[in-house]
Amino acid sequence: MSESYLPSLLTDSPEAGFQLAIKLSRLGVKFTQPDAEVRDRLRPQYAQNADSLTMASQVVAINFQTVAAANNYWR
Amino acid sequence: MSESYLPSLLTDSPEAGFQLAIKLSRLGVKFTQPDAEVRDRLRPQYAQNADSLTMASQVVAINFQTVAAANNYWR
Amino acid sequence: MSESYLPSLLTDSPEAGFQLAIKLSRLGVKFTQPDAEVRDRLRPQYAQNADSLTMASQVVAINFQTVAAANNYWR
Amino acid sequence: MSESYLPSLLTDSPEAGFQLAIKLSRLGVKFTQPDAEVRDRLRPQYAQNADSLTMASQVVAINFQTVAAANNYWR
Amino acid sequence: MSESYLPSLLTDSPEAGFQLAIKLSRLGVKFTQPDAEVRDRLRPQYAQNADSLTMASQVVAINFQTVAAANNYWR
Amino acid sequence: MSESYLPSLLTDSPEAGFQLAIKLSRLGVKFTQPDAEVRDRLRPQYAQNADSLTMASQVVAINFQTVAAANNYWR
């Protein structure tokens, strides 16, 4: 039996939650472009472009909203 | 009687919820461009472009917010 | 008396809710460009462009958040 | 005493709420570009462009989330 | 002791809340580009461009969601 | 033991919350482009471009939604 790529939204800390938000953002890309080689080839295209980085940070921010709510904001 | 394309927002796990978010994102495209052949032709246009992939991941993130809230974050 | 174009946010099913989200997205366009002929002329501009379709799907996703919350996620 | 441009977020119906969302979207533009003549001159720039219309519809969708929540979704 | 630039999210009215949303949007710009002279120089770049104005209105809309929720929608 | 880069979402004031939202936005960039030198090189690319600044302000706005909710809007 293969492991789940997303067993839970609950994390021990805000930091782990932020890492999960990054993972979710990458999963969204992965399911649109499943070929890892292509994704690696595209990396310089956005990692060296300011607006692309802002866009990437925005997706993380949206996913972090979800993870933070799931964890009741680690209050 | 034809089956519903969206019978429920409830899923058994976060992973199934993420898959539903991807499905919702594709449905949003499908209803704007119903021609599957055109959609297939457009695929290389965005699957090979970093910003397009980030944008696609963002739509998934927004839909995942909805699905996660529907499932009370699988707490 | 003319009928309301948006009598309620409540729908019988998630599928009907998704259709309402699509309607809301089109209403947002209609009130900015009321001329149906112009809107029809613009259709190929976005229906054949991958990023435009992703953007359209994003608006549907945002409206679907509203409709889903209104319907308490059809739980 | 001048009248408020935004006396309340409460409306009698979803339709009136959608109109308020459109008004909020225009207010956001107005405060960035207060010159009505300039805004009128820019109108063809976006009213004839598919992606601009989608972007405009997105702002309406975001504001409609706020208005709908304020009205408890007119349940 | 210097005054806070953001003492509270609570406002007396929806209109004051909308003004606060505009202020928050400008603060977001200010902290990325602290040089007022540069910001002034950039103003014609977006105040005369339809899509830039729509984007600015969108940031205000997102901040207004926060302020409106903070004020329990001035119900 | 290294310190957490995100120990908590709770802050003493709205102003500190806004600063945390800015930090979260930068963290989202940092994890996509970990090379500080590259990030510094890209700075003029967006700090002198109106739309880039609006986009940056939008990411801050999204993160501020999360931080504000976590702090129950400092009511």
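By written order: A, B, C, D, E and F. Residues from 1 in each chain.
In the analysis below, contacts are C-beta pairs under 8 Å (C-beta built on N, C-alpha and C of every residue); 3 or more make two chains touch, one makes a residue touch a chain.
For reference, the UniProt names are A, B, C, D, E, F = Hexameric tyrosine-coordinated heme protein.
This one's a predicted model, so the numbers in the text were calculated from it and none came from an experiment.
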*asked:* Counting hops between chains that touch, how far apart are chain A and chain D?
replied: 3
*Check the residue numbers that chain B and chain C use where they touch, and answer same if over half are used by both copies, otherwise different.*
different
*Farthest from chain A by Cα centre, which chain is it? Let me know.*
D
*Would you kindly give the rotation angle relating chain A to chain E, two copies of one sequence, based on a CA superposition and rounded to a multiple of 5 degrees?*
120
_As a test of understanding: of all chains, whose mean C-alpha position lies farthest from that of chain E?_
B
_Using Cα averages as centroids, what's the distance between chain C and chain F in whole Å?_
31
*Counting in whole Å, what is the centre-to-centre distance of chain C and chain D, each centre being its mean C-alpha position?*
16
*Among the residues of chain A, which ones contact at least 2 other chains?*
46, 51, 55-56, 58, 62, 65, 69
*List, in order, the chains that make up the ring, beginning at chain B and going on to chain C.*
B, C, D, E, F, A
*Which positions of chain E touch chain F when the two form their complex?*
4-10, 24-29, 31-33, 38-39, 42-43, 45-46, 51-52, 55-56, 58-59, 62-63, 65-66, 69-70
*Interfacial residue positions of chain F with respect to chain E in the complex*: 13-15, 18, 22, 46-51, 53-58, 60-62, 64-65, 68-69, 73-75
